[in-house]
Structure formats: C-alpha cells, structure tokens
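Presented sequentially are two complexes of chain A, the first with chain B as partner and the second with chain C.
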Partner chain A sequence: MSTNSQEVLLEMRGLKIEGFSEEQWHQIVKGVDITLHKGEVLGLIGESGAGKSTIGIAAMGYAKPGCRINGGSIKFDGIELTTASEEQKRKLRGARIAYVAQSAAASFNPAHKLIDQFAETVIEHGVGSREQAYKDAKELYKRIRMPDPDQIGFRYPHQVSGGQLQRAMTAMALSCRPDLIIFDEPTTALDVTTQIEVLVTIRDIVEQFNTAAIYITHDLAVVAQMADRIKVLRYGETVEDADTRTMLSAPTQDYTKSLWAVRSFRKEVKAPPPEPTPLIKVENVTATYARGLLPVLYNVDFEINRGHTVAVVGESGSGKSTTARVITGLLPPQEGKVYCDGEELPRDYHRRTKDQLRQAQMIYQSADTAVNPRHKIRDIIGRPLSFYLGLEGDAKDRRLRELMDMIEMDADQFLDRLPSELSGGQKQRICIARALAAEPSFIICDEVTSALDQLVAEGILKLLDRLQQELNLAYMFITHDLATVRAIADEVIVMLQGRIVEQGPKEEIFSPPHHEYTELLLSSVPEMDPDWMDRVLEERRAKGGITAAGN
Partner chain B sequence: MTDTKSNPESADAMPPPPRRNESQVTVALRELRKAPLSAKIGLLIIVTYIFVAIFAPAIAPYGESEIVGPQFDLWSDTNLLGTDHLGRDMLTRLIYGARNTVGIALITTLLAFVLGGTCGILAAVFSGWIDQLLSRVVDVLMAIPSLIFAMLLLTIFGTSIVNLVLIIGILDSTRVFRIARAVSLNVVVMDFIESARLRGEGFAWITMREVLPNIMPPLVAEFGLRFCFVFLTISALSFLGLGIQPPTADWGSMVRDTSTLITYGDITPLLPAAAIAILTIGVNFVVDWFLHKTSGLKEEH
Partner chain C sequence: MLLQRLSLGLITLFVVSLIIFLGVSLLPGDAAQAMLGQSATPETVAALRKQMGLDQPGYIRYFTWLGGILQGDFGVSISNKREIAELLGTRFSNTIFLAVFAAIIAVPLALALGIMAALHRNSIYDRSVNVITLSSISTPEFFVAYILILFISVKAGWFPSLANVSPDTPFVERLSKCFLPALTLTLVVVAHMMRMTRAAIINLLASPYIEMAALKGIRKLRIITRHALPNAWAPIINVIVLNLAYLIVGVVVVEVVFVYPGLGQLLVDSVQRRDLPVVQACCLIFAATYVLLNLTADILSILTNPRLLHPK
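For the complex of A and B:
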C-alpha cells in the first residue's frame, strides 16, 4: 500500500448531488472533495444517509435513478466525468473503474455461470477472448485461494456460498485490471467468520495489483483494516479526513470521537443467582420445520433467570431464531418442553392463555416490518394495553404517555404519527414500547440492533439495559454481533448447526480455553486496530488450523 | 457515555419533520390538480354518469317506459334522439339506463368484492387446507367460460335481477379472490402479523385491522376494473335477452331492440353502445392513474 504515491487517479472537487423525493429536489451530497492516488485505498464511513454510497457511485460518473450530479467536478485520470459522453463513460466502467456491490447474490445473474459472467466484461471491452478470460479467471480464483479454482467458475451463483460469491465478485471486478475499484459495503451481509475471508481477499487483490479503491462501510473496525486513509461523512459533508492511524488514534472532530466511542458501552454483569425456578427453561428441545426433514435444533437445553440477559450467538442458519420460535410457540417442537416460571407451556401458541402470551414478548430485527405501516403509534402501543390489561380512555392515555417517557420519546410529538414518519431507531423504540405495554417478564430480542447505525444501536442497547434494571426483565438476545454480546450479556450460548456448542457466564465464554468454534468466532470479530487482521492471520497460520480463506 | 438519556449525536434524537397541517380534502385537491389529463377526463365522465343516474327522473323529458310517439321515429324536436321499437323516447331510456345498468353493476361488483375479498384474505391468513379448499373451488369455477356459465345458470334459475346479481357476483368473486389472496400473502409474512398472532389476536382483528388497510390500494384499483367487466357482462347478457328484463331501461337490451335501424344507416343503436364504451374508458383512465400513484412507480429523471 503506497500511501504517499505521487500520481493522482481520481479527483472530486466540490461534488454536489441532489435527489428527487416528495415532489422536490434535496441536496444529498453538499460539496465533497476527494483526492485518490494510484494504489491508494480510501475508506468512506458514516451513518446511513451520509451520502457515502452516492459518492462512491459518482466516482463512475453515475447517479442513481432519481438523483443527479448538480455541481462540482469528477476527474478520473484526466477525464472529466461530469461532462463526458455516455459512450466515454461506458468505456471506463467495468474496464478501468469497477464496482463491487453489497449483495453479491442480487448482483450476479442466476442464470449464468460465474466464469461466463467474468468473461462478459472482458469480451465486451475487447480486452481478450473468451479462452483468455477463462484462463485469467482460474488464475485469479487461485490467487484469492478459492477452493477448486479450476472448476468453481463453472458453477451457477446459487451453487456457491455467500462468502465465495462475494469473493467471486471481487475477482470479477478485477477482470479488466481496473485502476479503481469501488467496494460498497461488501461484507455487511456476511457472518463474521465469512467476512474475514472476504476482507483478506480484497486486501490481497488491492495489494497485488496495486489497484486504488474506495471502500464504503459503516463498520469502523473493518475500515481500519482496509484503508490507507479514512474520510468521515455526515449529512453529505466531510467531517474529517486523515490517514488511518492518525484518524484512529487522534480524531479531532467531536462527531468522529463519538463514532469511535460507541463500542465502549458495557453493562454491569450480574452473578447468576441461585434461583430455584428459572423464569424460562428450555428442556431438551428438538425441532424440525416439516415432518421427514432433518431437525434444525438438536437437544437444545438452557435456562434464563429473572432480570438476566442471555445472548444466543452463532452464524446464520445456526438455529438461533428457531429457538426463539420454539419458545414463543410458533414452531411446536418435536421433542422437549418449554417452561415459564416452572409451569409447562403448551407447545403451540394457539393453546396458550392470554396471560402466558403476555409474559413473553418479542422485538424484531427490522422495525419497519414489525409495526403495521397503517397504524398510528398510539394504536400500535395502545393495542396491548386494551387487549391484555383492558385499559381504555384516560387510563390508557396516561399509560401511553408513561411508556413514551420510558423509551425517551416525546408523547405529544409522536403519538399521532405513522411509522413511516419515524427514523429506524425511533421505530425500534416503538417496538420496545409495544413489548413493554404487555408488562412482560421476558423479552426475546431478535437481532434488534443489526439494522441500525452504531450510534443509534448504542442508544437502543442502553435503553434496554436501563429498562431491565427498572423492571427486572429477562432478555434472550439473539445476535451474530459479538460486540453487542460483550456489551449486554450476562450469559452466552454459542450455537452451531442447531446445537449448543458452549454456554456459560460471559467472562467464561470470552476467556480461554475456548471451544474450537467459539475461538474461530471470537477471533473473527474485527477490532479497531489496523494491525488486527495481520495478527489474526499470523496466529491462524501458526496454528496451521483454520486458514482465513479456507472454507 | 453512560448517560441513559438519548444521545444528542444520534440520528435517533432528531425531531421528526414538521407535519403539514392540511386536511385530507386539501391533499386530495392538490393531487387532483396534478393528475394527468386522461385521469381528469375519466373523473369527469364518472361524475357525469353518477349525476345523470341520481337525477334521472328530473332530467329525463318523459317517463321511463312511457310511449310518446310512433315506432322508430326519427330524431326531432320533441324526441331528441327519436323513439325505439315501441315508440318510447330514446333519450329518456338512455338516461334511465345509467341508473339501472350502472346501479346493478355496482351492486354486483360490491357483492363480488365482499365475497372474494373475505375468502382471499381468509385463505392467506389461515393457509393450509382452508387455502387449498378455497383455491381449488375457485380454480374449478374459473375453468368454465364465465359468460356461457352465467347464461346456463340464468336459464336454470330464471332471469330476475336478484339472480343476475348473485350469479355474476359469485362468478366474478373468483377473480377478486385471486388478487386478494395474492396481495394478502405478501402482508401475512410480515413481522407485525406474527406479532399480532403471538399477542393472541383473533381472525377478525388480523383481517380487518392488520391486513385489510395494507391491501387497499390494489383492491381499489381492481374494483374499478372489475366494475367494468361486470358492467360489460351484464350488458352482453341483456343484449342476448338474459339480463335486465323489459320494461326496465337498459343499454344492452336497447342496442338489441333498435339494432335493425343500423341497416337503414341510422346510428341510434350505437348510442347505448357508446354509453357503455365511454364509461368503461373513463373508469380505466382513473384506475390507471390511481395504480400509477399507489404502486410507487415514479418517473425517472
């Protein structure tokens, strides 16, 4: 990575982009300057709505439908892109500037083989023949250590894993040996154990081919590994711009400092009290989605105590959410029982009493789909009040205001609004209020912060922690984000392929000796240290066990 | 960072944008002003038809089945559009036709929607064998050409207005069922439905309060289109003599009754046909506009 390289590849001056919504034009990007040298990696970070993707795409001289570039200049290797013809830009795109999108699964054409999609750009731009492209693809697959590099290209997109697909896309971006690659949140949708493989691939490629890159992400720890220089954006404006190490060790702006500090929240851990009857007891549960299919849960067995938080971690498909479905009664288990406060719960939620249903509430990952878009906040939170507790009129109104106070939102401002008028974090707070309205003793939180920006997520975690202390709530916290687990859990359950591989108090799980899988999971979580990835790779190589790129 | 009050830095604490203080009427009027010309013409046509239908007795120069002159009289000052095969005033019959044909079609469409819509949502919410049963019954009904099936049923049960409404209503409810089920399926997989189920809500709440408000836009658009089809079916049946029976004025039967005139180069039989066509076009214009507005299709810039 040659940071102080001489030659400027991309230069944006006073870039302005506006978007059309609600019948008028809004400024999305308000005059941003970017200078990118050859072989340099620039990290763009910021919360959603900061304009980072819009700027990234603008580096190709492109604006999304409904957006337009309305000021400033974009110079790529001496070519002014804002005034260039479509023909000129088409020649650049794919050949000299490539783009890697967040969702590889949505970006590949499912009807064509990987290698043919690789070859398409090469042939289109007249760089080489199909045979040459095939040869090059295999060579690249080998270099990024894809398993079976000679054959894997002849598979269809659905025949490889998500991580492999994202890496195949990175290889594809390289097919014409571009000068610049734009990575738009390439690992956001992946599990941590897969994420590290993709990160290694991207960094290898950028180094080996001396390609310049713009790396867009909201994950600070990831950008710390990838970028030479970091640019922090907010509301379409530059907040701060410095090289990675300076930025991490000595940020100057308050906003940057607040971003850096978000991972600092830790709740006080409570010792597991010797309670005779745990609040929730899951006993030997085996569950399957349809008769005749393999079980998705095998002998899952754990307890949750009053006022405690149990975090359930694992990759996608490990059975975390299925466990929640068994507890709520949405998926009656094949074998095993669920107890609440010592009393056995009926397997199917239809058979549970109103009071049993009231005791266990649920908060979902996506607050957008968890509230009815056609109901006002008043009705969303008010329904459990009248349904379970029979509150109406003034009593209901008073309780609504109390609940809004609890979630730190202004009742007068929000009660008569529709969910679409609220931000993501506010919607999640409404979901929390709806759960609280039922006066439960136990709340299942299914990835409640993973769709939110870090600062907002931090606020939600603090809120949940405070509510737990005030109301003595028990939480089952389903997540794949270990930073969240560190912040909020009392006890941890690690799941893999439908089985619990390790469980116990947080400190025990987070300190060695680990179960092999827990080790892999823990060591894959990026840290805010630019040397973290090298260190992990070093350690793994030394052990000779799990290699980063191995599957 | 241990302060539990919301973080002023986070987007979370941002106050929501100020709310526009407008009544729904103002919003509707603004939308209307921006509507394309075709939608405005469509609305004008519909409003005119409704006006004529409601005030038919006041507008019409004669009584609905009053004989006012010789048979097949030409257009004149006393009978603006001439008379039909029994000597009744054509203009009067056309005006009353708006009331009868449109009114019956509207009732039939409503019946189709209540029946098909309820069953469609029911199938989506319950899924399993209820969905299978309803869907297969609908498949069978849809497999039979509906006009021929309607004619068959009308010959069996007799041609009364009640039978007409029931038979066409039930046959057309199959199409409504299909669309209601399809759009409901998109809604019932949402977390808020799961949340309502876990709360212990009954079928009525889930259908009426959770699902229905979210599927209204496509259903309203379908209502417009369905109305056109029902209206055309009834006119077709009337033309064949199986629909609305004389002496009630109806556009379909009016075309049949005066059809011989066309051989003499008189365009009178085309007038009720045009009345049918214009309303169909008008409703379609409005539905197009409505669908465009609600489906989120935005013009690209």
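For the complex of A and C:
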C-alpha cells in the first residue's frame, strides 16, 4: 500500500469524549490511543456505538453537537488540538485535515454547484483563486475518472448519481491537498458495484498524494482493502490494534474473532421439494408508479414455494421493493397477475379478503420507523392477533407469550415496554413477531438486516431460519448484500432496471457461467483478502470490460 | 404548477368577492336608505332604489358589480358622488407607499437580527433581541404609536406627529411625515420575521452539509449566510410576505392614529358613512393584495429551491 514514513502526523493519547443524552453525560470514548504516521492509512472498525466516528472526527479537534472532549490529548503535526483556539482549528480543517462523510447526498449543500463547494475551501483558506480551484477540480475529476470532468462540477448535487457524488466529495477533500483525510463510512450507503469504484478512487488518491487517512467502517472486507493497519474498537475502547494482514490472519482477541466469524452462518436444512402448486406465483407483472411514467417493472415472472427462501438481489432502483409492493397489493400492477396458493389475488389490497391479507406479511429494513413509538410491545404484536384472528383477553395473552418465546425474548420483561427501550436487534425481533402473529405462510423481508450490526444481523438470520423450519414459512428476501444471500437463500432472483436478468437455485447462480450482470455483482462484493481489489481490477482490465470508470 | 397556483388564486378571489358582497348585503339598510337619511318616505326610497338598480335580485346585482370591477369600474361613492376608482387611486398609492417604506426598514432589519441571533444562539444578544421584539409585538399598535409620538415627536421634535400628506407633498417631506407610522409598523412586524429567520436557520444547523462546511474550515458567518440561508428561504419568504400583507391590510389603526390618508382610514370612514360600494371596493382590494402576495410567496419559494430550479 502507501509508503509510510516514520514521522508521526497524528497522535492521540488517552482520548476521552462524552455525550449528553437523557439529561446526563455518558462516556462515549474511554481513553483511546492512536498514532498515525505520514502517508499511513489506519482502519477503525467496530459495531455501532463503538465510538469510531466520534474518534475520527476528534482528529479534527471537533466534537459533534452534544458531545465534548473531556480528556486526553490530540496532537496533529505538533499542534495540540484540545487546547487550540477555534480559529486555529478552523484553519486546519479543510486545509490540512479533510473529512469525507458517509452520505455525500446529505453532506453536499443542495443550493450550490459541486465545483463551487470544491472551490470554497480553496478560497476560504487562501490557497488559490476561484479560477485556479476550478482548474484543479477539473483535473482531479479527470484523475478519478468522473464522466465529463470539465462539465460535471457545474451540476447541482441532486443532478448526479450517489457514486459520483461520493467521488466528488473525495475530490473536494483533496482541494487543499491535506495531510490527513478522515473517511467516515464513505461507501456504506452505496451499492456494491458503485462501492468498488469509490474504493478504487479513494485508494488511488491516497497513494498518489501520499495522504494519511483514517478509514472508518463496519465492513471488514472493505477495510482489508484500504488500511495498512486496523484498530478494532468496542464501547469506546481499543480491543486490538495490528497491521492489516496480521489482524486478518491471526486476531488475538475473542471479540475480534467473533467479528471475523460472522459471515460463517449457512442455512443447513435443505428446502422441501416443491409442491405442485407454488405458494406465490407472480405472472408477467409490469408496473408503474404513475400513469404515463415509464414502468419500473417489466414482465416480472417467478414462483415461490412453501418452505423456500427466495432472495431478490439487485442495486437500488432495480425494482426489488416494487415487486414486494405488487405482491402485497400496495401497488396494483398495470399488467400481470399474482396468485397465492393457486388463487388469483385482487390487484389492489383494498379488495383482498382478510384471509388473503393474512397470508402475506412484511418485515422492513428500519424497525424504528415500522413500529409506532407510542405503542407498547403488547399492542404492537397484539394488533394483528385481534385484527386477523379475533383473539382477546386470556387467549390473546397466551398467544403473545408464545410469540415472544418464538423470537427468544422474555415476555414478562418486554411486553409492557416501549420500542424506544429496546435495541435495534430487539426491535427487529418484535417486527418478526408481529408478522408471525398473523399466522402467515409467506413473509417478505425487505433488507431486514442491513441496518443492523453484523453480530446482531447474524442472530436475526438464525432466528428466521429456525422459524422457517418450524412453521414451513416461505420467505422473499430482498437484499443487496450477497453474503446474506449465500447464507439463507434456496433460490436467487437477480434484478436490473426493473427486469429479472437471471433466476435459479442458489448453487447455479453462484457458480459460473454467470450472466454478465450477475458476474459484475458477484465480483464486486469485497472479500476478506487484502489483495482482493487488486485481483478484481486485474481481471476486469484483462477482460477489457467494465472498469472502475463506471457509471 | 404555476398555472395551478394562479388559477387557485383567481378562484379564491372570486369566492372572496362573493363573501364580501353577501356580507355587505346582510347589513341592515341599504345605500338608498343611507343616502336619503331617516326622514325619507318609503316612496322616495323605493324610487331611488329603482334608479340605482337595488330593486333587482341579488345575483343580478352581484354580477353587475363584478362585471363593472373587471372593467375597472368600482361604481360611485354614495357620500360624495365621486368615482370610487378615482377615490381609491390616491388612497391606495398612499397605503402602498407607507407599506414599502416600512418594509424597506423592517425586512433587512429582521433578516440581520435573525441571522445574528442564529449565529450567537442562546447568547445574551439572542435573548435580549427575543425579549425586545416580543414585547414590541405584544404591545398594542396604537400604544406603540403614541409612545413614539410622545418621545420622538413631542419631546425630541425630530419628526412630525401627523402624517397628513397630500398628492403634492414633496418626496422628502413625505418621507419625514411618514417616518413615525413606518417605524410603528416596523416594530410590529419585525418580531415575526426575525424569529422565523432565526428558527429556519437554526433548524438547518444540524444538517450534515452544515457540519461538512464547519469541517471544511468555513467561517461561522459564512456558514450561516452561504450554507444555511439559501436553504431556509422558503419559510422565511412566507413569513415576510404574510407580514407585507399585514402592512397593507392591517394598518387601519396606525393610519387613524397618524391621520394618514390611506386605504384603511377610507374603509373606516366609509363604514361610518354607510358608503357600502366603497366598503366593498376596499375589502376586495385588501383581499386581492393578500392573494397576490401569497402567490408571490409560492412562486419565490419555488424559485429558491435548487431542486425545482435545476431539474435533473
């Protein structure tokens, strides 16, 4: 990777940061040491709540609103940031230490052109004139192979794609040629095929300019490609710190090993043989969101059998969730039919019977927004019990307890709590229980694990798998995470721009020959091998096909 | 989208004209009776009614009235027999003059105070500005007016206390005469606009792009003016426009206190004199002002939204 010098650029000693919530101060970061040399890339990894973003941003002497640095020292190139004046820190920010945020779409100001936001830093720090900044921006855009580099900067943020925006933000971070860039989960919000382009950009930039970087992520495979050294964090403390290859091959701490082992889950039981009539049959569905608009689904056609898990994969905008909306009747299709157990379902859910509605349930990505924050768990799960099954009183209470047992949560402890008193994984379990309460034969899981930490996600996948064995449920599993697909799917459907490009049993889809797009998708998923990205780029170059220029 | 707003505005105006007409017709007595006074015999009243077309059914009178207005004919004033359009002309331009005068002081002042308050959130400055503007908005207008007259006009003698302008008052003298009413109005409207500017900006300060700007090392004032303000225009514009409308239609009390010959005073006088055609015309103009200004706010909100202004 990059050439490291022995000169120390950033040194944090015993860093402590606390945050204010629920009327009191909580320690978020509890004494972390970081030493970063010039040109070195350090990966900070951990689950949510580990304090990795907070630490990363503290390298700029900045604490998010509601947080404060309450101990330790942060020395950047000899300057002590904990005691530096606001003006001193302002002069460093953007000029010598730059920041790349997780969501470029939210972090670019919607009111200004990309190139003006690039130039702003240059002008503010007196590095150059607007003309010079424009010229430099165009050159950088070209260097990171943005399409139409001379013109793209004159667009507004909402006029370019997410991947391009993230690369433009990386270019913006470079505008004053900083010594250090903080990358805060820069690819987490992107599709895998876009992610690899951004990763390549970031790595090239860091190498070409010999910039030091702190790369924050929860994705081990990503950090393996980017970092010289990895630091594992948990609850605001360092768990382990070693160079990348050592960390990947020989982690010493149990927590690190458990993180490394997360992707090991595999569905073990084979799915039952298909029955003559499929449980769900989607026949030639074409759908659009408004009359006159182009369809978002074209001739989508597939079946789901009782007890089977069908994974639907594809990038954002490929029509995965729209397909789910058609099946549940939320979006009546223009053409085509949906059958349940051989019986044609009305196109619109208003015209479906209670029993038809009961058969298909949904679990969503964000458990936070899918439950009413003012309802107790008892009411959230109890509602479908009364609505679909007419259960009340003791019978309802008994069933509530059974359901809580099924999702491995203690009824006495949780039934009378509010969702806000639960963790992310627990909330998602409540959503599963709510779906189960209707006694469905088919559940649509829409990105149910993507908002969760890997260990927690693993638990949810195991639970869903066990429930499938016990209740012979069929799942339609919408996801963009191919590791999840490998873990739980029986059959796979690959979607691209509203069409199914490939479908079949998992083993077939995952073994060559692939459809061209499936190939791109599969080869873009980072692996836990530090040489993975170089290998993929090499292969793609050899084929002369899709390169990182993309889009 | 623009056409939709325009047609909605027109429909609103039409409905308002209907309500004004109905409301005025419900008042006891009519123009004929008012003109002839208490002592008139029923016969003479009936004759005058016939002459004025008041004996015709309501809907015919309504459409005749509306048709006239569409051609710029507001009818004739009962009290002095002059063309209402002519009467309104000078009064309306006086009202607009005062409103513009007040707005030129109030809007920049409110924006500046609001921006400064957002910049120094929760500081002594922020709190005192809040307290002062809130007290000035909570004090009745006439009271503010009399206080200003007492101190600025009577005691200090800087500006006249009467704003009795006429069409041939020179511009500078007009400014001097209108200063106190404009200042009164300013004190009344600044609080709203300033508080909305502050709130709209503070609302945005938590957004990721503001944090990004801070991490780019941009100065605080520039973060607020360049990064927050352009995205805060929509709510601010709406409050500004609402207050501008108030400057035009809500000035009755201020005009009376300063004896300013504006539309508000005309309205009050006409109600006293039972000059119903003038009352109707004034109300319609007030309504039209409201609708027009709100339409402007909608259009400006669209124009300041980069997503709508620069589509993909």
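We take it that the second predicted complex is superposed on the first by the 543 of 551 C-alpha atoms of A that agree within 3 Å, B and C clash if a C-alpha of one lies under 4 Å from a C-alpha of the other, contacts with A are read in each partner's own complex, and residues count from 1 in each chain.
In the analysis below, contacts are C-beta pairs under 8 Å (C-beta built on N, C-alpha and C of every residue); 3 or more make two chains touch, one makes a residue touch a chain.
Predicted model, so just to flag it, every value in this text is computed and none were measured.
Looking at the shared chain after the overlay, A:Ser366 reaches chain B, while chain C stays out of its contact range.
In the superposition on chain A, A:Ser161 contacts neither chain B nor chain C. By the document's definition of touching, both partners, chain B and chain C, reach A:Pro65.
Of the two partner chains, chain B is the only one that A:Asp453 touches; chain C does not reach it.
A count of residues in chain A touched by chain B and by chain C gives the higher number to B.
Residue contacts after overlaying the shared chain place A:Asn472 against neither chain B nor chain C. Contacts of A:Ser129 after superposition on the shared chain: neither chain B nor chain C is touched.
Looking at the shared chain after the overlay, A:Ser249 reaches neither chain B nor chain C.
By the touch criterion defined above, A:Thr277 lies against neither chain B nor chain C after alignment on the C-alpha atoms of chain A.
By the touch criterion defined above, A:Gln151 reaches neither chain B nor chain C. Residues 65 of chain A lie at the contact with chain B in one complex and at the contact with chain C in the other. Every residue of chain A that touches chain C in the complex is listed here, in rising order: 57, 60, 62, 64-65, 90-95, 98-99, 101, 103, 106-112, 120-121, 124-125, 155-156, 158-159, 172.
Residues of chain A that touch chain B in their complex: 20, 47, 49, 65-66, 68, 254-255, 258, 261-262, 264-265, 328-330, 349, 352, 354, 357, 362, 364, 366, 369-375, 383-384, 387-388, 408, 413-414, 417, 421-423, 425-426, 429, 434, 438, 453, 455-456, 458-459, 462-463, 466.
Partner chain A is touched in their complex by these residues of chain C: 206-209, 211-219, 222, 226-227, 230-231, 306-307, 310, 312. Residues 1-2, 4-7, 9-12, 14-17, 19, 190-192, 194-195, 197-201, 209-210, 213-214, 298, 300-301 of chain B are the ones touching chain A in the complex.
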